[in-house]
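Chains: A, B and C, in written order; residue numbering restarts at 1 for each.
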Amino acid sequence: MRRFVLIAIPYVWLLALFLVPFAIVLKIALSDAAVARPPYFPQFDWAEGIAAFIAELDFENFVWLTEDDLYWKAYLSSLKIAVISTFFTLLAGYPIAYGMARAPEEWRPTLMMLVILPFWTSFLIRVYAWMGILSNEGFLNQFLMWIGVISEPLTILNTNSAVYIGIVYTYLPFMILPVYSALERLDGSLIEAAEDLGCSRLTAFWLVTIPLSKTGIIAGSFLVFIPVLGEFVIPSLLGGSDTLMIGKVLWEEFFSNRDWPVASAVAVVLLLLLVIPIVLFQRNQQKQQEAE
Amino acid sequence: MNRMSWFNAVSLTLGFAFLYIPMVILVIFSFNESKLVTVWAGFSTKWYGELLENEAFLNAAWVTIKVAVFSSTMATVLGTIAAYVLVRGGRFMGRTLFSGMIYAPLVMPEVITGLSLLLLFIGIGLDRGVFTIVLAHTTFAMCYVSVVVSSRLVTFDRSLEEAALDLGCSPAEAFRLVTLPIIAPAVISGWLLAFTLSLDDLVIASFTSGPSATTLPIKIFSAVRLGVSPEINALSTIMISIVTVGVITASLVTKHQVARQKREEQAAERA
Amino acid sequence: MIHFQNVTKRYGEFTAIDNLTIDIYEREFYALLGPSGCGKTTLMRMLAGFETPTEGKIFLAGQDIAPVPPNKRAVNMMFQSYALFPHLSIWENIAFGLKREKMPKHDINDRVEEMLRLTRLEKFARRKPHQISGGQRQRVALARSLAKHPKLLLLDEPLGALDKKLRQDTQFELMDIQEKTGTTFVIVTHDQEEAMTVASRVAVMDHGKIIQVSTPDRIYENPNSVYVADFIGDVNLIEGTAKLNGSDSYAMSWHEGHAPLSIKSPNAFSDGQKCHLAIRPEKVAISADQPAEADNAVQGRILDIAYLGNISTYHVELPTGAVIKAQTANTRRIARRAFTWEDTVWLSWTATAGVLLAD
């Protein structure tokens, strides 16, 4: 009896506040927009019964998503931005993780703390910090003009480049931590053995270090890729009007256009898009656990 | 390895510079006299003064803290129960669905979580305000808490609980007197995580808040959309300082505890 | 005091305890012995209340204990891993069970002090479990489980983690405590020597079944099966067929061209029945010449000598290819040993030295 109550409390909570809302999204995605409150049709009505209700549902919104090329472009450009920024995050994060793993033992906890610290500070503030840096009169342009690389300020803020910088900056800890934990476990004598067998430093790194830190790289990449795909704050603060990301489109569809059914349909498609990377990520984590 | 190679030193320096310079600039320019955030015009703390007089910000901060305290506490209770059920509950009907619902919110884009909860609240006619934000935050934070706590419970020696039962505890007493004190560090870090997630959240709060309740991130976001402002810099500086002090204190405390435990163990070995 | 009645425990398809019926008496030191996975821990956990029997009943002092939850049973268990509460001091660990009984404070104090004295832990009362040594931890676990005056104390491989010397000391301590407190002890062990040392009765288990329950000397001298004989101590097993030869003596033919062995056995065998002679190595005498008056004597060649300090074991190969072990006490210094490798020797034993066991 006690066991039943214990299970029921979180279970019912999650059913009511996670699964049911999700079912509602799905339902509204299949409804039609209407000038009403709430702005969609059909409304569920017990009197008419479920069959009549279901008969009113259709895939019109999804058809609409495929017809209007705004959505196509938004999905594709979200994917593109997520892939590219994941790659850059890896490029920036790997050397840092590598340096940490090779740093003297007594430094490592401090370095670790330094990586985690930004994670505890507000995401919004970290994105905001770049607005002052990347703007036309911003510090980056001031600096570049001062050292004489450029004579005219570059336009970075409100372009996709700013979005990439913002993503790399905010998601860097998610990349560093898994890669670092993979590299830290790596036995230093393996590289010495490889060098002893005739590898150069670089080939030893390529043939030994990289493959052995593969699980960390994969985990880190997914930890960046998955949330970036649905990212809203970064494109809306750092991106321009031509920066298309699906999270932003959903937000605008909902708050500006008040088209709930289309917003819901966008959400459903975004989730379908996420299923594949999530499943792959799960696989990777499982493999890693089994290896341990 | 005693000496770091040249390459590692450079990559660490550059990496940490990249991570910290933006925040340092933010902090420095919160003390700027001028309204222009990018041009230094002398030292001043006037933006802090203005911030403290800005009713809207103070109200939003108060709402945010209330929401964070309530939601993280509820999330900790629910998440701990969920973790306990997952690790110790054995088999029950719908267990797969349950663990799915625990893990899914972790990877769910915030826009979707926010949207779906909003549609629910509208559907059942719940007025949006502090209460709905608390519900929303509790729901997604409890999943984080339960992941943190269950990873601790997995390594928890079950015979400790059995020993407590054996010595006359009821199951509830065994949990309160033995399990809870031992997993307390995980529960506390779960709470902290839930608390910061709630403090930090913009997207879900935007969907689930009503006109009566504006949280600090919502306020900051709408201010920041219009461009950089020194007041926001001041606010950011305060938030960054609180977190920094908190994290450093926490790590010093842990370090101290680890050192003490080591000393005691060594003393025991000698005895 | 305890009565298991046809108890069966299944985990899914797997039967861990198989239709088991035993009795454990008051003030007894009862040892469960058996190979890994034979169901010893399962048996204990059913007594403590952590598992319920799939079939059958368990009675404690005449009462069916199935409906009694673990926290209401007058049974305490000492866990193999000790299961000391890491967040509580030694003192608080021992007081833990007493506090649950709502005992008055000064009574708790007295009882804990008494337990600390009994287990010689007074000096460590304020320490946490991770600040004391393995042997001390083990004594804390014992003190904690004894503090509540249980009618029955279950010890699951209590000495598994200790080194040999500490183990022997603790075994005597356990026996001492058991005598002083008069508690019934049930101990699980892998170590047959330990079981023989501490227990008043030993139960040998295999595959969820009890094979034999008896006092240590009877288990050793009169095993009821080849399995028990082989499991407890060292034994020579000689296979043959029995033939009645007088009221309780048999002639066992064991190899063509060799005289049958003469054996006295209280167990009855029919003529021509297959049987095994189980004989302990220390009951086999070894000599250079053929002994004049021995019931049984065979000749062989020394294959190997294992020197164990106080005794030596000779592995003697018979012409049939079988190897028989004979043990002698080393009353002399090793340099003056009578036999060496490849010597031809005679092995002899009396008709009552071994037991005749059915297949």
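Keep in mind that, in the parts below, a contact is a pair of C-beta atoms (placed from the backbone, for glycine too) under 8 Å apart; a residue touches a chain by one contact, two chains touch by 3 or more.
From a predicted model like this one, the values you see are computed outputs, not experimental measurements.
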item: Most central chain, Cα average position; value: B
item: Dominant chain pairing [most C-beta pairs in contact]; value: A-B
item: Far-end chain from subunit C, centres as C-alpha averages; value: A
item: Separation of subunit A from subunit B, taking each centre as the mean of its C-alpha atoms, in whole Å; value: 18
item: Between subunit C and subunit B, distance of the C-alpha-averaged centres to the nearest whole Å; value: 56
item: Subunit A and subunit C: spacing of chain centres that average the CA atoms, whole Å; value: 62
item: Interfacial residue positions of subunit C with respect to subunit B in the complex; value: 48-50, 69-72, 75-77, 79-81, 83, 85-87, 96-97, 100-101, 127-128, 130-133, 144-145, 148
item: Interface residues, subunit B side, partner subunit A - complex; value: 1-2, 4-5, 7-9, 11-12, 15-16, 18-20, 22-23, 25-26, 29, 36-39, 78-79, 81-82, 84-85, 89, 92, 94, 98, 101-102, 104-105, 107-112, 115-117, 119-120, 122-123, 135-136, 138-139, 142, 146, 171-172, 196, 199-200, 202-203, 217, 220-221, 224-225, 227-228, 232-233, 236, 239-240, 243-244, 246-248, 251, 255
item: Touch list for subunit A against partner subunit B, complex; value: 2-3, 6-7, 9-11, 13-15, 17-22, 24-25, 28, 38, 92-93, 95-96, 98-100, 102-104, 109, 111, 113-118, 120-126, 128-133, 135, 137-139, 142, 169, 172, 188, 226-227, 229-233, 236-237, 247, 250-251, 254, 260, 263-264, 267, 270-271, 274, 278, 281
item: Subunit B to subunit C touching residues, read off their complex; value: 157, 159-160, 162-170, 173, 177-178, 181-182, 261, 264-265, 267-269, 271
